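Chain IDs A, B and C follow the sequence of writing; residue 1 opens each chain.
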């Protein structure tokens, strides 16, 4: 049975055709993405920042949910690969004309799209699109609901690998609102896939989903215990809509218990790195002294994110046709 | 008397300088557009989708009325011709600063624009602009009020020619809200121009304009009679603002009488094709079984539309200066 | 002491690194910008309008305040230099997610930006950004609050030099709401820097700031006296929010006293030129007969503005790194 039967992201030869989720993505593909990203790191620091790999290809940024930052990183990645990029803010367009998602996708496909980069507020929308597009079209999930944000997961492990070299002896803690975070979900899958032996989820009980243990994740409700001797601490953004909701008392109370201060960080390893997917809420989930401090690799994450997205786009686009 | 005296779209040599309307456009020019589009069809299916015909030219998409879909098709067409494309959502900008349309156009012309692609909610705005721009600037109407949508008319006859080869023995029915539709108006002019002998307009009396007979169009209020033995059925989008207005009882009543179902379609020829300019209201003017069925050429219309717009842009841009 | 210690726009070699304000910008740098713009004037009128000077560089248009017109001129200038251009409407994005300005800038810098073009409603924002970015990043002020609009000032003196050749015997009047105008401020600095001997500010007392005399500017409250024998009359846009405010009686009263009519213009020199930064309020600060008349060079200003912005972008980008 070909992999594509069990994993809709792969073609019949087991190559990456779409990137929808890191759940079940073979380690060999993840490693190929990381290696390919290595080769693109230097592109961004050259004066001429482009390579002709996707010259003449059409990349459509389909953002059904607004995200200037993520959209921009994909636009940069695609343009550095010399693709033609079309930004479509769909929320503001056909959706309001009552057209169905699949009609919109069919129409854009008929405009001879090669790649769709999809951000959607509903989990599963990129899968639905991928199951529907023509065989030569590739779908990259740029974040869907609470489900997945696979390029963020990939850039996070790329960052960890950059600073820690090997994954096989690391302790990595993901801290915050695990329950609602697609970043957390993709990080946990990525960390497991590359063989990190000690993966931890840290947060208040109300923001921890069930079933983490079955993923091999250790669960902590104490920040100090959760990051003790960690090599890597990944802080999650606390969505403002949680801050005065039923699940949390208040932002300041959250900061007191889960905000990463220099004092709290002493529990982690002395050479630990601190990551954050951005945008940060300074003084809520992270103290500015940590965000701007010596352990922070938050800005390198952004730089690596461009290279990782270039890798994903170019690898998917080069896969043979789905069969 | 040169053609330009009677038709502001043509230069002194009778070449296409602006594309404002299909009304009165010589058949030779329409045929040149169709032939040129043929040569661009293959471009879209190549891996490198661009040709250098408009390299270094500046195309301004001036959308005074929002239309992500149409704007995107022109953006794709212009980029595949290697033009530099600038998207200006004018509704949100100078208009609010009280600047006049002509001052806006003068300013953009002074930025050394080569082509303006204009969408405007008021009929005649592209003509006004064309009468005002510098001689080297070309204006393409991308839909103005209820007046015209000439590239849609052209892509519709391109589609018909693709599937039916010759125009001279065809019956073509345009069905729906003829009264308010710029697509219908452009289709009727295009069908007449290329010599379709039997052109029909089908819809409720309240949505049929006067004077269709003088265009050589046969008028029907019965769907069954209107599409009987038709080779081509062009369904129009029913604007949602009509659905609960004074002109129509309701969307479901409309569907019952004018919605194109497989059963209704049996009246047309067995090898008929069904077209729709999009976005579709499934279950209002068209049944999903028809939209997705064997007769539908709705998605090929979109693909052909890119090639037709590339043809229009490149032909207009290559015309000699207006005199 | 290197110039950079006193002027944050210059690098240690005294070259232009950022363009933030014309206040204190050495005349030699202004003249280099004008000369470089000369070389770009021809580019815009060629069929292929691009030069490869910024090929592969990433220019970010950061518009914290909406301005389609100014954003478009910078986008055109950057694309004609073959840069990759990314338009970020920040007002609508991260700002709403509570991220700080500097976090936004840090993030964009980490995406390997080369130039930031910044428009902000608060005076000083571009300076703050310039003081914060990595040494290889250049910041161009595209208008900040009431403070400065240096590329407008530069294109205004470029326009004057084009029509009047030398600056050293000119009388130039700036007319209107001097108090709230960043254009006025940049014009006054530019005119002084290039050695215009007679610079005048004309307007109602309530719209004239204190301290103009210390800049060497002569102040007039009478339009007739203010433009008498002027070689150049620069009209400012009257912001609509002033028109029915406490500072002015009404738009029609303003027009009666300060609107530039053909009759009023007779006070100036017969070969005077009339300028306006746009968008114009016809019938408020300027009569249409003047706006469209023989003295008006308002549209050439726009054309020159592209060349001047190309000059600024390319000169800043070629400066050695800040030390």
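In this section, contacts are C-beta pairs under 8 Å (C-beta built on N, C-alpha and C of every residue); 3 or more make two chains touch, one makes a residue touch a chain.
None of these values were measured; they are calculated from a predicted model.
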{"item": "Chain A onto chain B, rotation angle from CA fit, given as a multiple of 5 degrees", "value": "120"}
{"item": "Copies chain C and chain B - interface residue numbers shared by over half, same or different", "value": "different"}
{"item": "Whole-Å gap separating chain B and chain C, where each centre is the average of the chain's CA atoms", "value": "41"}
{"item": "Multi-chain contact sites of chain C, meaning residues that touch two or more partners", "value": "none"}
{"item": "Of all residues in chain A, those that touch chain B in their complex", "value": "55-58, 84, 86, 88-90, 92-94, 97-100, 103-104, 106-112"}
{"item": "Chain A contact footprint on chain B (complex, rising order)", "value": "44-50, 66-69, 72-73, 75-76, 79-80, 240, 278-282, 299-303, 306"}
